[in-house]
Amino acid sequence: MSIQYLPKSGLYASTGLNTYARLEYTKDISNATIAIIGVPWDDLATSRPGTRYGPQGIRNASSFILPNRKYNYVLDINPFEVAKIVDYGDVEVHAGYIEDMFNEVEKEVKEMLKKNSSVIPVVLGGDHSISLPVIRGLSSKYKKVAVVHVDAHHDSLDILYGKKYDHGTIFRRGVEEGVIIGESSVHYGVRVFSSKEDMESVRALGYDLLTMKIIDEEGLSKTVEQLKRKVGDQPVYLSIDIDVMDPAYAPGTGYPDPGGLTSREILEFVRKLYGLNIIGMDVVEVSPPYDVAEITSTLAASIVFEGLSIISKNLKK
Amino acid sequence: MSIQYLPKSGLYASTGLNTYARLEYTKDISNATIAIIGVPWDDLATSRPGTRYGPQGIRNASSFILPNRKYNYVLDINPFEVAKIVDYGDVEVHAGYIEDMFNEVEKEVKEMLKKNSSVIPVVLGGDHSISLPVIRGLSSKYKKVAVVHVDAHHDSLDILYGKKYDHGTIFRRGVEEGVIIGESSVHYGVRVFSSKEDMESVRALGYDLLTMKIIDEEGLSKTVEQLKRKVGDQPVYLSIDIDVMDPAYAPGTGYPDPGGLTSREILEFVRKLYGLNIIGMDVVEVSPPYDVAEITSTLAASIVFEGLSIISKNLKK
Amino acid sequence: MSIQYLPKSGLYASTGLNTYARLEYTKDISNATIAIIGVPWDDLATSRPGTRYGPQGIRNASSFILPNRKYNYVLDINPFEVAKIVDYGDVEVHAGYIEDMFNEVEKEVKEMLKKNSSVIPVVLGGDHSISLPVIRGLSSKYKKVAVVHVDAHHDSLDILYGKKYDHGTIFRRGVEEGVIIGESSVHYGVRVFSSKEDMESVRALGYDLLTMKIIDEEGLSKTVEQLKRKVGDQPVYLSIDIDVMDPAYAPGTGYPDPGGLTSREILEFVRKLYGLNIIGMDVVEVSPPYDVAEITSTLAASIVFEGLSIISKNLKK
Amino acid sequence: MSIQYLPKSGLYASTGLNTYARLEYTKDISNATIAIIGVPWDDLATSRPGTRYGPQGIRNASSFILPNRKYNYVLDINPFEVAKIVDYGDVEVHAGYIEDMFNEVEKEVKEMLKKNSSVIPVVLGGDHSISLPVIRGLSSKYKKVAVVHVDAHHDSLDILYGKKYDHGTIFRRGVEEGVIIGESSVHYGVRVFSSKEDMESVRALGYDLLTMKIIDEEGLSKTVEQLKRKVGDQPVYLSIDIDVMDPAYAPGTGYPDPGGLTSREILEFVRKLYGLNIIGMDVVEVSPPYDVAEITSTLAASIVFEGLSIISKNLKK
Amino acid sequence: MSIQYLPKSGLYASTGLNTYARLEYTKDISNATIAIIGVPWDDLATSRPGTRYGPQGIRNASSFILPNRKYNYVLDINPFEVAKIVDYGDVEVHAGYIEDMFNEVEKEVKEMLKKNSSVIPVVLGGDHSISLPVIRGLSSKYKKVAVVHVDAHHDSLDILYGKKYDHGTIFRRGVEEGVIIGESSVHYGVRVFSSKEDMESVRALGYDLLTMKIIDEEGLSKTVEQLKRKVGDQPVYLSIDIDVMDPAYAPGTGYPDPGGLTSREILEFVRKLYGLNIIGMDVVEVSPPYDVAEITSTLAASIVFEGLSIISKNLKK
Amino acid sequence: MSIQYLPKSGLYASTGLNTYARLEYTKDISNATIAIIGVPWDDLATSRPGTRYGPQGIRNASSFILPNRKYNYVLDINPFEVAKIVDYGDVEVHAGYIEDMFNEVEKEVKEMLKKNSSVIPVVLGGDHSISLPVIRGLSSKYKKVAVVHVDAHHDSLDILYGKKYDHGTIFRRGVEEGVIIGESSVHYGVRVFSSKEDMESVRALGYDLLTMKIIDEEGLSKTVEQLKRKVGDQPVYLSIDIDVMDPAYAPGTGYPDPGGLTSREILEFVRKLYGLNIIGMDVVEVSPPYDVAEITSTLAASIVFEGLSIISKNLKK
């Protein structure tokens, strides 16, 4: 017996269960194109915690803003018509046990690909450490991926507080482990550095640094072109840390840094990525306890929607 | 294929879909004893709105406080073991159209009883106007019911702002319509009156007025005994407006009135009702937008739990 | 005996009664040019309620930001010197009874025009459904009006959740009823569509769709010029839904959608409308319970101020 | 032309201007029994500011809780029928200039008594320093008054941070100035002391210290009897600092101290004062920016209501 | 050169650095009686995180409520005069690495005792898992301690989500490790159980269960007497989880449960423990991101103050 | 014995004492280049108070955003390496006594310069009135200074509410007192005027008015060039009122005005001032009680960081 998640009535956000965009909630992805999956984890938050509620916050927000605008008028596509998209639920992770989390997430992604090798996971974080096991999981199919990493921070440190594994070190680990192709990857919107050497050591991994300073000077279009040239035809993992936004647009995050992107820029940015071979995506570091009037969650839900749109549009070609 | 709502992990409220107490979410109540059902409605709020999010707020709160305490140690019972309890989802109601809401709710309750004539609905409000159509629906089986109405207000006015149907008039309408037995019914915790005549006109309907003044003077035990004598063996509909609480305990409501019950009193109150023939129950007027740190929703979820406990304990006799 | 609403002291927002900009509060508009009027209504809110507190929120905010800046230095005008502006108070509306609200608002506007046929009502909402009866009321004088509708949504649906009258359908109803001249009207800032057909069916009513995409590409100046050509010399009703703003600028609304206007754009937009024959105006969908630090109400009060400025400047010509 | 402050409609707190209990707002007190007056002042707040919004907060809260319960069922009286009560507005005070505030408030109270020598001022604070000039003003008629001072703090220090005049010193200054009769006065609910000598120096002024410890041990009834014996037939100024409450009941204050009164206690306390010759009253230290869901303002509005009730009941004798 | 933490001015909480009660901040405890120490940790929070800010929240709150009330008038003692009390700062812990945290905390406590074997640590949490390493550290001096554990939960599970070490298992681990004397220990205020067997398995460890039900029936005095008999002359570690409070009094915690203690009860409870041989103490699970108007932190700071008072009073004997 | 303020661990904002950027907290500035100093004062707030918590809020925010980004990658400088920067603590000011505050602040600044005549004070406000005594203090060394005043308001009124000294009059007083060189000074971002005469009377003092309108039309670069020409080689005091920002970026202030600067603009603006002879600086009007998710404090901390960067870069030349 089936239960409908999208009510007929006028009280969207208050009725029914809040899956992403009120999609079907299922572990059966045999004929799905895209599967939404959450990782409610915040153990590695440097400052303010709460990203464990990120998946829930994004789902709730999507439940009241998306049902009425499933059509992406800018890209002229309704991703829900073109693609079969489902909500796969959350990976169950154990607070306080990092290794377990890494294992659980990697295992879940591999399992998804085993169920359906062409499914594209769209992950709702969680702090940024979750991206590494997702990429590891994807490597079971793609070997190596290019990363388009959109973030105020480069998260490519070697050691943070004496530890190799942290939300600030994953994009170095990924290159070292051979699952990320540094030379085809980019940090976009980055603006936090501890020193000049810090910048150089990230570039030494192969990454381009498209800093906020460069974006300010050269604009969205030109920097995205540069990004696309760098990435080329590689399979791309798109990882968006909500703290790339200016805090005015995304207060609900752990480690805000003033001087970031606006809503219009991030949405346009994702749309401009159309054409890249995106094989996985995440939106991370949304922390609902620090959100106000759900604006961060609403934005994250919209970023995911743009992601679904460009992925679906690829399918239509 | 089944999806588990109760995760094994340590991040209760942040994982999975939030049904009440992470119960099964189903419209199949053929062998259910109790069915939780929400009515996300706030059109008749006199003052602060937001009770449309009441069912969602109570479900969320129940998801993180209940999984670890399914055993009611005071009554020595685990209602979820004794009774088959399910989450039936929400009635779909259309904001702005009162008559439609009355019809939809009544219809849904009748349908539930048609599916399973012994099921006991436990309703999550919603503003208080929703209790009337629930009682009307129950009358398809019980003809008339006694009401134990726990509230700061008696909601037994004749006319409110020129209207016969409002959240302040339903317990007069119910008596007039013949679905409530005034002589077996009680207003408990009531403390708002417009005049002496107002008090008398409520008593004229048959209701006892167990005001806060009387509760203060005579205590919980004595007033509950009086209540039970009044109610006798009648089938009882228990309707708890969260604003019976002192606002310190339940800030998240539309029309708070200082000088109400404490948490310990309301939980003990419900437990003391054990023995009454409860055939339906609601907790209404929870308004999450005005809640702080979810304390109102958490309390409401606990009140429902005590209600489930006494209903289940009856079954065990 | 008179009471002054503008105190001499340094504690603006905390002293006295908060009329709009601390204007005189009166029903006597015999020699008024502009009358501020509130409609505290939120029954038709799709998602988050609270717009019933919109008029109160805007008045409060205006009380502390406006007394010190009555001079519009950009337009070189003090509207309060040029025009006689009063605060007319609120229309009394009954929650839960839509037809009554429509009737009350229409009646009140007609009565205002009967008292003084040249008065220009500036309406503080309330959800967007209130604009329709205001326009109906204005039709008693103007027959038909052009609408400059500034909103994330076009509110020109045919049916919403099975109902013809809703905050999402009013600009279709207005054309059908013959009170809005579709061919002279514009939706500005719109960015939510359910399908391509949805877009076309709005254009079929005569409306121009100046979407956020177009505004992004062509800029404020060019799109306003296009708007003005469309509107021509018709009497104009300016209706501004605060959700046209990016949620960062206006979190206090029911149905936010990321990717909207900035404060500087909306204020400049209104100023650029100078020259149009504005015969009425509203700012709607401000929901103070979801506002933070009063930024939405403060912005709404400022938008109204710009509206008063361009209307007054017309008078001076 | 008259404007009605109490709307007929169902949206109390969102319609019209919020005077206390939607009473008439007037400076004409020639035939008034009681006049509500606000002092929006917080310059002397030791810790968290915001009491400048106290009068506004209390008026707003009273606007939505009082219209429906003008009858005090415990005392069997409707104060608004028995007494002529008006809202006199606020004293205009200049932030940052203490001496001016003292002068303005004293002058205003004297002027009220000159207009009508039998009027009883009921003052909405403001920080506690405002009570001294009110009492000074009252001394123009009564010479000296007994004070029933309900507060977590005794506010009877000699010097605070090197200053003689502060919100912590006024009840010493009042005795020294000869406007307070120390021997007939009481500090009730007090629980903050810097030393044993501190306690003794307060008793040396004549005051009884009815501490929370004593209230806990002896109960409300006995301590109020002791209070009444102490006060006798003197004209009484009742001064209630909201921080006498436990912070759970009144978070919206500058200097909270855990372990205070409950709502039921404070309301019953005021009612028990019936019979005293109350010639003035205040409720102070309500700080809306720190309030949650208006529970502090709602409680303060209710305390004022109980005060109005006992004052009115005296008139009826 | 010394810097004073207690300013002379009237703006306590806004001036200077917020150590506990504005005490000296030092690692030199050679002649200290009591050392305040924080553990900013929340990795093991089951539900809502944020206890990493607990030490900071309690220090801030203490900075504005304590400077004026250093005298405990109920116990007639000023702990800061009788004992040398210092603020030792925080243990530095690494988010996400539980074993490290256990080691760091234990090491720090041992080091403190090495510096000064008679120092009594008063610990500010942090989630409850931090109590175990503190007790382990104390065992370097005391071998075994009795525990007075005040909490809504017993935290004596065997396994939680498949893990032996969690904030819900520490009081079982402590007995197993031989650092807690189960037979001399008590859970006070406990009210969450998963089953009857759960209750029995805790009693099997030796603990008394003084549940809320028993406290309600027998009162504070009688239950504390029973507690004291149980504990006897053993060295006592007092561990207070703020969630023992009713959520109205302590909303700022991760795992609230309605029906708990009031402020007056907890403060009186601690005072009644006077006479026990307390050799360490903690207040844990304060989560400032979920606090409102700092009431939870203020209460926690006051509970610590009562603890300091009874410990100091012991010294005076 | 030294205590480290910058912990090694991953929980920045929750560990240790929050000095600015976790700098050393000391009154010894004998070899310091720059000294951070707070003035926790809000007595002259026109509207919403709370700036007394400004210094604390900025320090807290700096503690979690700055430790990881001490390198200013845009200017290629780490100010903490180039300059010796310390946190000097707060000036102790007495609420309610303006003259005392003026004296204390002036005295403190003079004392700093006496200790080390080349130290540059960077002041954290407080309401804007604090800038005047800082400038007076600086005049002990520099005689007169040019002011770069960044603010929505010009604060150059003659009289405000009958008072010469207020946060709205200081930049007129400074010129009159001869400590500010009007002809070399600029108001930047200003947008609030009471009349045309108001604008002219400010220009008559010598100030340039670089209004938001001009900034919108001419852009950041051109207006900063104009500013620099105006200022020339004079010693410059840079005073930044956070309300120059659009309220979306800085809700936590007393007197917000929509239509202001964005984060990216203000940070770029400060960087562009590089080259000016800055001899003192402040960031004022940050009001944490009205802040949301610390975004205003975070931005203010970042503005200070940019200020430190350009001052330090000057030293390097």
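Miscellaneous remarks
Note that the chains take the letters A, B, C, D, E and F in the order they are written out, and that residue 1 is the start of every chain.
Note that contacts are C-beta pairs under 8 Å (C-beta built on N, C-alpha and C of every residue); 3 or more make two chains touch, one makes a residue touch a chain.
Please read all numbers here as calculations on a predicted model, not as lab measurements.
Taking B-C and A-C together, the pair of chains sharing more C-beta contacts is A-C.
At the far end from subunit E, in terms of centres built from Cα atoms, lies C.
Subunit D and subunit F have Cα centroids lying 40 Å from one another.
Subunit C and subunit E, compared by their mean Cα positions, are separated by 55 Å. In terms of their C-alpha centroids, the spacing between subunit C and subunit F amounts to 38 Å. Across the assembly, subunit D contributes residues 8-11, 13-14, 44, 46, 48, 52, 94-96, 161-163, 166, 246, 248, 290, 292 that each touch 2 or more other chains.
In summary, the structure contains touching chain pairs A-B, A-C, A-E, A-F, B-C, B-D, B-E, C-D, C-F, D-E, D-F, E-F.
Within the complex formed with subunit C, the subunit D residues making contact are 1, 3, 7-11, 13-19, 25-28, 38, 40-41, 52-53, 55-56, 89-90, 92-96. Every residue of subunit A that touches subunit F in the complex is listed here, in rising order: 44, 46-48, 153, 160-163, 166, 191-196, 198-199, 211-213, 216, 246-248, 251-252, 255-260, 262, 290-292.
Remark: subunit E residues 42-46, 48-50, 52, 94-98, 161-163, 166, 289-290 touch subunit A in the complex. Residues 8-14, 64-65, 68-71, 73-74, 76, 78, 246, 248-249, 262-264, 267-268, 292-295, 298-299, 302 of subunit D touch subunit B in their complex.
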